[in-house]
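Below, each structure is written out as structure tokens.
Next, two complexes with subunit A in common: one pairs it with subunit B, the other with subunit C.
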Partner chain A sequence: MRRQKALKYMKTDRNTVLRAAELSKLILTEDETEKMVTELGKLAEIIGNLDIGDISETGSEAAQPVSEAREDEVKPSAERDKILQNAPEHTEEYFCAPDTFDKGGDE
Partner chain B sequence: MKYETVIGLEVHVELASKSKLFCSCTTEFGGEPNSHCCPVCTGMPGTLPVFNRKVLEFAVKAGLALGCDITRVFRFDRKNYFYPDLPKAYQISQLYAPVAVNGHTEIKTADGTVKTIRIHEMHMEEDAGKIIHSPDGKTAFLDYNRCGVPLVEIVTEPDFRNAEEVNAFLYRLRSVFKYLGISDCKMEEGSMRADVNLSVRPEGSEEFGTRTEMKNINSFRAIERAIAYESARQIKVVENGGTIIQETRRWDNASGRSYAMRSKEEAKDYRYFPEPDLPAFHISDDEIKRCKDLIPEFAEERAERLVREMSLPEEDAALITASRNLADLFEDTVKICGAPAEVRFWFTGGLLSFINETGRDPEDIALSPEKFAEFAGLVVSGELKREAGKKVFRALLESDGELDLRKFIKENGLETLDDGELIAETVRKVIAENPKPYEQYRNGETKVFGFFVGRVMKELKGRADPAAVNSTVRNILGNSLEKHL
Partner chain C sequence: MTALETGRLIRSGKLSVTEAVSTALEAAERENGRINAFITICREKALMRAADVQKRIDDGTLTSPLAGVPVAVKDNICTDGIRTTCASKMLENFVPFYSASAVEKLERAGAVIIGKLNMDEFAMGSLSETSYFGPVHNPLDAERSAGGSSGGCAAAVAAGIIPAALGSDTGGSVRQPSAYCGVTGFKPTYGAVSRYGLIAYASSFDQIGPVCRTAADCAAVTDAVCGADESDSTSRNMFSSSLLSGLTGDVKGLRIGVLKESLDAGMTEAGTAQKVLEAAKELEKAGAQVKEVSFPYLKQAFSAYYTIAMAEASSNLARFDGIKYGFRAENFEDLNDLYCRSRSEGFGTEVKKRILLGTTILSGGYYDEYYLKAMKIREAVRRELDRIFTGTDLLLTPTAPGTAPLIGSGASDPVSVYCSDVFTIFANLAGLPSVSFPCGTDENGMPVGAQFTGRAADDGLVLNAAHAFQIRTDWHMLGSSLSAYRDSVTVQSHVPAGGKLPDEKRTLGKWGEESYEIRNSDRP
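After this line comes the complex of A and B, so read on.
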């Protein structure tokens, strides 16, 4: 009982665009939504026209022998103050992000 | 109406590779926050993941031990979700070609019933970081030390009907993984975590009810409680004419309740796609065979064999084989000294109680079979009496197996005493020092006999042969009785 794994082509309508926007954390205006429906629709059509047939085995022939993958060796991690500098906000120990996430509510 | 609970599990187990799944940072538990991090595991742009092949070896072993088919060409896929515990905003996981599929394992519940649990699949993925929420709820402090630590996720079919079966499976899984040396499976440290998918249906029904998924359960006890709570909750909803909503619920162990997670994140759409930064990998027959050859005899099978071959009582065999390290120690020691009964005596009495008292991890016991055999040999040959041996054995364990046995015995005067005159002298001394029990004995209260034997043994530090002490006490007390009359 394998999971349904076939990729499906979706019709690009208003709902698809709004869903994609939601997943991308984007807020679109009415104009932008309309524009996206048209433009993404065209893109999807081009991709749909490619009709590349069965791709389920694609890549297998290019598979790399796993023996060529990395050896399990520990190397020094980055210095903490350097790695923390990559974030817009941090303390001496932690990266910081806005905590606007729902942590679960009432039953 | 009677209801049946139907449960499936998703179990995450951290694998004990030294370095992370896609970078060379250490996987060591703990450490200062963000001290086990690099640009790869903190998701910096321009970095690329590099696959650690040890993780594959561990996953293949786990897959084989769970009776799975190993996927010859496996790939990684990107699971997109937006949450600060994941700096890349996606997790590298496996969806389309997981490393192992279609397995099964047997569990045994307390009443001895054996049941087969089917494994849907097992895949590799990277762990996420830790979030600490600020008290005002405005800031998330992020520690990415665990981020990128390799995990396998084992997905079972919905074959469980109660918490006991679930825990039997998790115990079995833990034992197998520890025997394979691929994980320490410590629930309290989060290296083994279970998500419980649960639904209820009228007994006899073939259709599945709507299920909920409970996350965040991190002990065997919590699993029992969470299952009891959630099935009762669902039955109540159904009986009151309501419908179960398919949702993720967070188990809160402190309040003993599960809560619906209202987050939009729960509108699950992970937009999986093949990971473009990693190639597909191919496993050869040789590599699979090599893993197969490394699969040991597991705890339950081993316990059965010990019962059969060495006539061990079942409980002892179960205790001994609970840890692979201890079971190896036991069997190797017996092989060297050829005295299974003596080794068992020190094992169950001495070693296991030492572990219980000190809370040591059985896997960390460093005593070598050679040393253990040397000790057992001293007792078998009579150089050391069991009573005196207790002190020696304890010191041996406390020294992590480093103790010089003969030196310790000599320095503490614990060698066996076969000096009949010294025993007799000690008996007379003990009698002289305890006039009251002696009086009792003379008045026919023979039960105090044991008291004298015990005292004499203690005076002699357990070094004397108990039979010799017994007969000496009997003789001297008897003689004195005659004289008295």
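After this line comes the complex of A and C, so read on.
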């Protein structure tokens, strides 16, 4: 049986961890970064056993749960004040968040 | 006392709903200092609801076997007006304005929710030690773990506080803690129970399931919560009749395949393997055909599961940004800084670890090598299991390679903690029904769990096999002297050495003798 090529070994060095943190919107302290480098290295070993023989012809879509479509019907959505009650900061109508764009205008 | 027995006493008028609920509340409040199973206990709401349920039982509009039965719900399942924290600082003050579909259905059946149960943060863990609210302790030995992630569910049922709980099972999170605490935990076929209102960890694996003392109770709870739900497009009506009604205890001709790799010395503790083999022999005596089968992909399934689960976790947890709900950091410079600081301060270490690895798996350079490959392995595992199930009806394995470890022991060897899921995850990968049931104890007196896994939608067959074992043995009553009702009534210890009753007589009742047999009045 034809074997799959060896798995590309996942780097779990400091740069990989910091890149993943940036993409994940996480800030790691220096201690956390060091700990994550070690811990992710162990986890990478756990997920590294992905050799099962020739699966080049095996699809991946069939592994997904099947969803069933339903009629598209208009229904009332949740009440606004209930949705807002868990927001850390809100007005009577909106969630509050810091400015997305600089208000300073063109320089 | 089981959920069905409690319901029967309530319907017969020998026990009021308020009495049952008050007793459970008092037990929860008394025991929580020792086992930390509850994050929230909702005394007032529960007592108000108990009165309402009693009225509806009295006027004949509520006749379900679960009517009036006190229950509790894992804290990642939304409950309208009751705080739902996911055991995380991120959701410490989150109060949903809707209930999960499974909770609505459970309440429609008359069950009374007395509180929300502790767990691993966002269900990420196998020992219920990553909770922001502290670890769950095993009621059978408080120095040991209750397992995870539904550790609070298993501990609360094992301690006799409640006879039934709703948990969630992504990679074994209902079954493994059930095994560690000596109770019965059931993961239905994927799609049998709606996930609407279950806070997502890995959506293609997540499944709500019951933790109870018996398989019969698990069937009753699953009957109550299963079925298609328009709010979850993967849910469907899977069963043509009630699971509880199908429990005959007859296993004559049932083909049980004992998974030989799961009993290997390098994989499983000898005592655990021995107890599972004894369970197989018990069912063989009852007429089942037991043989050995091989599933060579256990390790690959394990790797594929964690690869996909972490990838899905990193996507699912992207929603926690400190804007719409959940924790928001106090000090930040701009929008991006708000996102980063809220997430960094709101999530615990295990959650961050899984998000980071999941993000790496989904990033350029690793997506094809890891995620795509894991998805293909998932499909290959499913096909291999289909092949195995052409020659056997059920797979029998230990639920976990060993029994409940000491709290804190996983810190020095986190890989071993992940490995405790090695026999549970393949059911999640393939979406199959699987039940863990107690089948003995180890040298420390801690419970050993055995696990039946069946074909998709064969939930009735899986539960019936566990039920067949439980009407022939009494391991499921291990620790039943911890019942919440112990002060108000006499509880007979009925677990003789060896776990078997000498004359098939079962005296489970506290208000007179009760037969274990399911009565016609319990059948919906």
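Operating definition for what follows: the second predicted complex is superposed on the first by the 71 of 107 C-alpha atoms of A that agree within 3 Å, B and C clash if a C-alpha of one lies under 4 Å from a C-alpha of the other, contacts with A are read in each partner's own complex, and residues count from 1 in each chain.
Going forward, a contact is a pair of C-beta atoms (placed from the backbone, for glycine too) under 8 Å apart; a residue touches a chain by one contact, two chains touch by 3 or more.
These numbers come from a predicted model, not from an experiment.
Engineer: State whether A:Y94 touches subunit B only (first), subunit C only (second), both chains, or neither.
Structural biologist: In the superposition, A:Y94 touches subunit B alone.
Engineer: On the A-aligned overlay, A:V66 touches which partner chain: subunit B = first, subunit C = second, or both, or neither?
Structural biologist: Touch status of A:V66: both partners.
Engineer: Is A:N86 touching the first partner subunit B, the second partner subunit C, both, or neither of them?
Structural biologist: After superposition on chain A, A:N86 lies in contact with both partners, subunit B and subunit C.
Engineer: Can A:I47 be said to touch subunit B (first), subunit C (second), both, or neither?
Structural biologist: A:I47 sits against subunit C, while subunit B stays out of touch.
Engineer: In the overlaid three-chain picture, which partner chain does A:S77 touch, first (subunit B) or second (subunit C), both, or neither?
Structural biologist: It touches subunit B, and subunit C stays clear.
Engineer: Once chain A of both complexes is superposed, is A:I27 in touch with subunit B (first), subunit C (second), both, or neither?
Structural biologist: second
Engineer: In the superposed model, does subunit B or subunit C contact more residues of subunit A?
Structural biologist: C
Engineer: Mind sorting out which residues of subunit A both subunit B and subunit C touch, each in its own complex?
Structural biologist: Of subunit A, residues 19, 23, 25, 59-60, 62-67, 69-70, 78, 83, 86, 95, 97-99 contact subunit B in one complex and subunit C in the other.
Engineer: Quick check: in the complex, which residue numbers of subunit B touch subunit A?
Structural biologist: Interface residues on the subunit B side: 17-19, 24-26, 32-39, 42, 44, 50-56, 73, 75, 80, 82-84, 87, 95-96, 101, 120, 131-134, 137-144, 157, 250, 252, 257-265, 267, 269, 271, 274, 279-284, 287.
Engineer: List the residues on subunit C that touch subunit A in their complex, please.
Structural biologist: For this pair, the touching residues of subunit C are 93-98, 190-191, 204, 228, 230, 233-234, 236, 297, 299-300, 302-304, 306-307, 310, 314, 318, 321-328, 332, 334-336, 338-341, 343-344, 347, 349, 352-353, 355-357, 359-361, 363, 365-366, 369-370, 372-380, 382-383, 414-415, 418, 429, 431.
Engineer: Give every residue of subunit A touching subunit C within the complex, in rising order.
Structural biologist: Result: residues 4, 7-8, 10, 12, 16-17, 19-21, 23-28, 32, 35-36, 39-40, 42-52, 55, 58-60, 62-70, 78-79, 82-83, 85-89, 95, 97-100 of subunit A touch subunit C.
Engineer: Any idea which subunit A residues touch subunit B in the complex?
Structural biologist: That would be residues 1-3, 5, 19, 22-23, 25, 59-60, 62-67, 69-75, 77-78, 80, 83-84, 86, 91, 93-99, 101-107 of subunit A.
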